[in-house]
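First the structure, in the form of structure tokens, and then the observations on it.
Letters are used for the chains, namely A, B and C, taken in the order the chains are written, and counting of residues starts over at 1 for each.
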Amino acid sequence: MQNKEMLTLVIFSGDLDKLLAAFIIATGAAASGMQVNMFFTFWGLKLLQRADAGTKGLNWMQKLFSLFVKPGSERRPISKLNMFGMGAAMMKKIMKKSKMPTLGEMILTAKSLNVKLTACSTSMNILGISRESLIPEVEHVAGVASFLADSQQSHTTLFI
Amino acid sequence: MQNKEMLTLVIFSGDLDKLLAAFIIATGAAASGMQVNMFFTFWGLKLLQRADAGTKGLNWMQKLFSLFVKPGSERRPISKLNMFGMGAAMMKKIMKKSKMPTLGEMILTAKSLNVKLTACSTSMNILGISRESLIPEVEHVAGVASFLADSQQSHTTLFI
Amino acid sequence: MQNKEMLTLVIFSGDLDKLLAAFIIATGAAASGMQVNMFFTFWGLKLLQRADAGTKGLNWMQKLFSLFVKPGSERRPISKLNMFGMGAAMMKKIMKKSKMPTLGEMILTAKSLNVKLTACSTSMNILGISRESLIPEVEHVAGVASFLADSQQSHTTLFI
């Protein structure tokens, strides 16, 4: 049965601007009483990786990917005008001026509002991301079946 | 209650090709009798800005953003192969040849079909977009709560 | 009426990584018994084009587009770090190592699970893609009305 109070987000992107939009929607919904599920896949997983995640155990191709796409909430590029990080740095400064929380703070707020953060096991396999390299806020690692079950109960599911 | 006749679109992208897809879906749905809500956020807001919107009152970071991402329906880049505007110009020529309406015309069509155009207040704050710089077709400025209320009533909500 | 067992995906992107995510969701859903509709539009259509599709009958602008965005499942770029195809080649190698199916194999799996593959007629017109240049797995060519009818019956619709 579909639940009028459940929202599910697939977070495919690892870009700062899209992640901000996702967390503004997620925390807004959770604050108003909805159960919110965020299912992180592909580049979105980089947000959930510890900033000090190493590359041990990766094959050279996975190493190369992790060299170019840095882990952690502090190092997300923006989808437009990133200009080697300058655009992202500027957006973060603007957010600070507007007294907006950082991505890292938004993750904590989401957790405190019981947003369910799930890391996609298939993508972890492809990108060589281990369970240990994820931040402790991630409680669930699951595949597409888990996402489908959530979306089936949700009034809205977005792919971001 | 979910309404079989309501469609909500979050327009995050400011790219010509994605905006075309969004307006084709929106006007198609509205023409067939659905109530359609378009919620413009981040780069999507640039579509709703007047082409002559100045940069008065912006801090230097917001000015820099508005320098690179031009306002108005005529100056949208495309998501692939933009090549400093050449790709976008070509796509517009192809559309003209195919006798398709321009983005500007699609906004007017959407309005005439009672599509609700809402500008996201949080993004306006971040990007330094004032109410006065928006085109008159935008009647609503609202935050995430308004979007969530719409999506809860919609049979389909898309993030574009 | 909305159907708890129907899923609809709009495939706007032609990028390898997004297409993989789309087909993992689509085949996962179809394998668990859902009716799945994939509606391919804009760059997503390039996946459904035969690799040997020529440029006969195209105007020069459409030719230029098809020169830069190659047709077929083997030549999809990735959305990040494509680096003239190097990134895409690496991702395909990683997938092979992880014993994941290729995009071409995923299309066949989707077909065998009765996923409905529809090519968007409006986009075909814009990009100059003829019915004959599509792979035989595509059975349907339709416009936005067909997509809207599907999404109205689906518990989840994603724009990818």
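Keep in mind that, in the parts below, a contact is a pair of C-beta atoms (placed from the backbone, for glycine too) under 8 Å apart; a residue touches a chain by one contact, two chains touch by 3 or more.
This one's a predicted model, so the numbers in the text were calculated from it and none came from an experiment.
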Chain contact graph, described as a line, ring, star, complete graph or other shape: complete
Same or different residue numbers at the chain B/chain C copy interface, by half rule: different
Chain centre separation in whole Å, for chain C relative to chain B (CA means): 25
Set of chain B residues in contact with two or more other chains: 2, 157-159
Touch list for chain C against partner chain A, complex: 2, 4, 7, 17-18, 21, 24-25, 28-29, 32, 34, 79-81, 90-91, 93-95, 97-98, 100, 155-160
Interfacial residue positions of chain C with respect to chain B in the complex: 1-2, 10, 12, 14, 41-43, 59, 61-62, 64-65, 68-69, 122, 125-128, 143-145, 147-148, 151-152, 154, 157-159
